[in-house]
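Both complexes below contain subunit A, partnered by subunit B and then by subunit C.
On to the complex of A and B.
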């Protein structure tokens, strides 16, 4: 009963997704779908971070790093030509197991690259393992130390992708092929596949959201809220807080990396700006505006702010807008704008008018 | 590595190291009076340099620098008054996000005022090619100026905190806020003062380093992360140790160029930061017995 009620908002979300697509088709504004698709992927990062920040109470200023690990590994593995290494034992083994993909580039030369789904699994697993490895020592820290440590992690990833030839240095990686999920269902920036990609992105977001909603309403979720409230008290009640924090850290890193993989295939490339510190700050800003421990708020703000930003509404003031949002929310509404009780205040206002 | 190259690396390391130490001391001053890490610390250095460069177009070098430092101090004070002073016991997470937001806004404002071009003050003595022979290598007099000015500043600050009544009041607030209030000290004013002081020393560093390292609107974050690394290396709040740690980091960084590509230079400081946070969050020089009583 209770769990069934939890799915009603998700179903409503899916209905809204379909309604938006139909509306854009009817009004001839299908170009909005591109930004909506991107926004859905970025929101996947945001809801993952929301569980980490709002429910487990751990700030991360390094989530663009996990996004970049996912995106860059997917891009690198699916674009770097292994044809020259054909006789290498490892390449031969991979080719024989069907993990490699042979195709022709635009000049007719043979390209031998890793299959996108294999690259996707490698990328997400790598991000998860890195999160697991650094999560242990990082999550022991608190407050400023935690913020700086995660920020430092993000900077290291940024410097690595900017400094290594394999990841294309300042140019990033382009020419990433599409990612065929199922026959006839491909993540790519093809003009004709726009509607299909819109549904893939929102489908993925809905799956991620359902997962997290179930998580925060489970035993784990209650443990997390206990940790957030008072870690010592939670520990005294037998909650293994270190393990739960690590678990959520890895989970949110996996969310970020998955989004990175899909965005990279959708855009056909990735650049170092995706790994930048400003991106991490932006994800934190969106979670803060949504109200920290509020998945739906984070999702809503993730979609609204990302669509506005991607459509270029803020122009050259893009970063400044996110900075102002951060400060304003933290100064005046640290619980997020959805918790200001606007509805109640409006009702009071109207009640007075009636008198 | 021959001795000439060794000396060059050493002096480059000292120059950067002392700048990192100044940024770290800026962190420490604010941390000691408020318990806040001001993520916008690097922006004070940028502002000092940029304002001085703009003013230098209209006036001689020395007044331009003095005015730039005063202006940056005023900006530091105003930031505290508008964004921090009136908050009632804010959480650490809230303060982190606010100071990050401030750093973004300052940087964006600088971008819109000065553009993204790289600027610099002229060399204070001579020009780019003036040099003094030290052992077998040639060093610009500006290097000595940077090291000299920063050393004097560190000495003056420690005298200020030790002997002047204002400095003692600030330390009293850091040690025990309630006891300080009972002694008639207004801790809020001390916090504003600490922001002005740390903005001021950042601005001085930004001016003296400008001829060598140039000034650009986005130089703040990398300085801040290195300054924080140094502050942690020395033990947060301990300014004398920060100088030693700053020189150490500067020298490690400059010698790393001979082994690693330049592109990875920033990653070194950050790796050291992560390492020290994991292994000795109380710093190289702090006692581990005292650290057990603290939360990291």
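On to the complex of A and C.
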């Protein structure tokens, strides 16, 4: 069966995830797990963007914006103290419905905040709704114009989080509590929860990957690729391209926002750099290196480049490296680094012109 | 019964009246051709019918339903499918996948069902694949099923486009120059194919320059010139229509030698130029 062939690589991925964890435990290099956890979350953004760009053919230079909407709303809602408003009817109602979390801060004062799972739902739904609202008009644009419009959106989100007190301005938000998914299973940066969090992140990534692999091999996936191939002909075949483009844009934004929520709980905070334009460029660069319409390529490159970046291999030139990667890929390997023939292209480029 | 009714259709581009007050009907089960010199407005007419362009005036009715203002995808769902003059296949997909997209209107699985790969969609997916394979087989290109479509030869690409249009199970098929770029032998095959399509109960409206094909297969012919309909009749009558001969050949005085040669062209005997 087709689907079986699709799930075998996912199973292999999970086996590799376990193998890596065991290897780090045996060699005493468990500190790698932190970067691998973060890289898994960032790769969730990348595979969501990959389906939008590579399969549906729509670019977004605003995905850091959706990531930030997810992360910042989760952070704001789970840290903003409602204790002062305890007697307000709405707060009282929320508290009684079990939607609020009461805890002590490090000075012993009572903190009353929104439950992380409630915040997560609000954050992801908000990101999805914003994508839905702007997607309608913006996705009518094509090529460079779509890139510009989504870039503008990303800049707006960046300036909003940088400028508003609720989102901590330039400092961002810290002190974000852990996110308890199930009893005993919590997304947090606690030293003792490192292994657990590694598995949460990779589990989430594997689920996301499976959903997207299924999608691209379905009727909807074919329709999306048809829109990419020849939009007019797709319409003549009855594909409602405006609606499909909008839905995949929203889905892609939801992936980014979900990653934002989890990263924020894992790091215990979020800062404005997560919303920056260079972050969006980075996601686009990774999808391009992976080969655009290649989910596994995007995933692999998402992991490799993010781990390198998080380990500080690129030093202070981090953003410059991703910019250079984008230029290099566009020039030498528009099909991505995994489609070979790279050497031949280089030879052609540097060869003397024959008359 | 009239499957397609076109009434007083108008469309201008700037000062150019590309389609000027054109009316005609296409009967269920017939093959109708639209001919005319280059720039006569044939492709514009197709784009108006299929919803790719909005008319300035007039209306298009399909199965009694007004199509004005509907999107191409909505019109496709009503049972109207088309091919393009310059083939528009989905690059980056195989021949089979291209035809499978044609099954879009006849299947339902949405985003959620697709992402979860629900068992309920498996049967549908198999059905889509089988039906598409069947159509590729009908076109005689089953062996190309798993090849990327841009790697196929021109004639094969045309066949894939035919199969894709048929996969929607249309009531009316619009063919925009189905024989363009094909040799005599292949053109003959296209003619056979169009007859086969009609036998399945599909009504065909085609735009074509190849007179031998048009005269051979059409039940009726509409002649356009500078956006206006100047004749509508059966093939034999069209061949003898003075107005049609005039627009194809120019006035008498323009030289009788060229005139006879082209007259043969209009009458359906292909003029073969030996290289």
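The working rule: the second predicted complex is superposed on the first by the 340 of 355 C-alpha atoms of A that agree within 3 Å, B and C clash if a C-alpha of one lies under 4 Å from a C-alpha of the other, contacts with A are read in each partner's own complex, and residues count from 1 in each chain.
Just so we're on the same page, a residue touches a chain if its C-beta (ideal position, glycine included) is under 8 Å from a C-beta of that chain, and two chains touch if they have at least 3 such contacts.
In this text, all values refer to a predicted model and were calculated from it rather than measured experimentally.
Superposition of the two structures on subunit A shows subunit C fitting alongside subunit B with no clash.
Residue contacts after overlaying the shared chain place A:25 against neither subunit B nor subunit C. Of the two partner chains placed around the shared chain by superposition, neither subunit B nor subunit C is touched by A:12. For subunit A, the partner touching the most residues, choosing from subunit B and subunit C, is B.
After overlaying the two complexes on the shared chain, residue contacts for A:207 are found with neither subunit B nor subunit C. In the superposed pair of complexes, A:149 makes contact with subunit B only, with no contact to subunit C.
By the document's definition of touching, of the two partners only subunit B reaches A:163; subunit C does not.
When the two structures are aligned on the shared chain, A:226 is found in touch with subunit C, with no touch to subunit B.
Judged by the touch definition given at the top, the superposed model places A:313 against neither subunit B nor subunit C. After overlaying the two complexes on the shared chain, residue contacts for A:83 are found with neither subunit B nor subunit C. The gap separating subunit B from subunit C in the superposed three-chain model is 8 Å, by closest C-alpha atoms.
Residue overlap on subunit A between its contacts with subunit B in one complex and with subunit C in the other: absent.
Contacts from subunit A toward subunit B in the complex involve residues 59, 61, 134, 137-138, 140-145, 147-149, 151-153, 155-156, 159-160, 162-163, 169, 277-278, 281, 284-285, 288, 316-317, 319-320, 322-327, 330-331, 334.
The residues of subunit A lying in touch with subunit C in their complex are 2-3, 211-212, 214-215, 218-223, 225-226, 228-230, 232-241, 247, 251, 293. Contacts from subunit C toward subunit A in the complex involve residues 50, 52, 71-73, 76-77, 81-82, 84, 88-93, 97-98, 100-105, 107-111, 113-117, 121-122, 124-125, 128, 164, 168. By the touch rule above, subunit B contacts subunit A in their complex via residues 37, 83, 87, 90-94, 96-98, 100-105, 107-109, 112, 221, 225, 228, 232, 261, 263-264, 266-267, 270-271, 273-274, 277-278, 281, 295-296.
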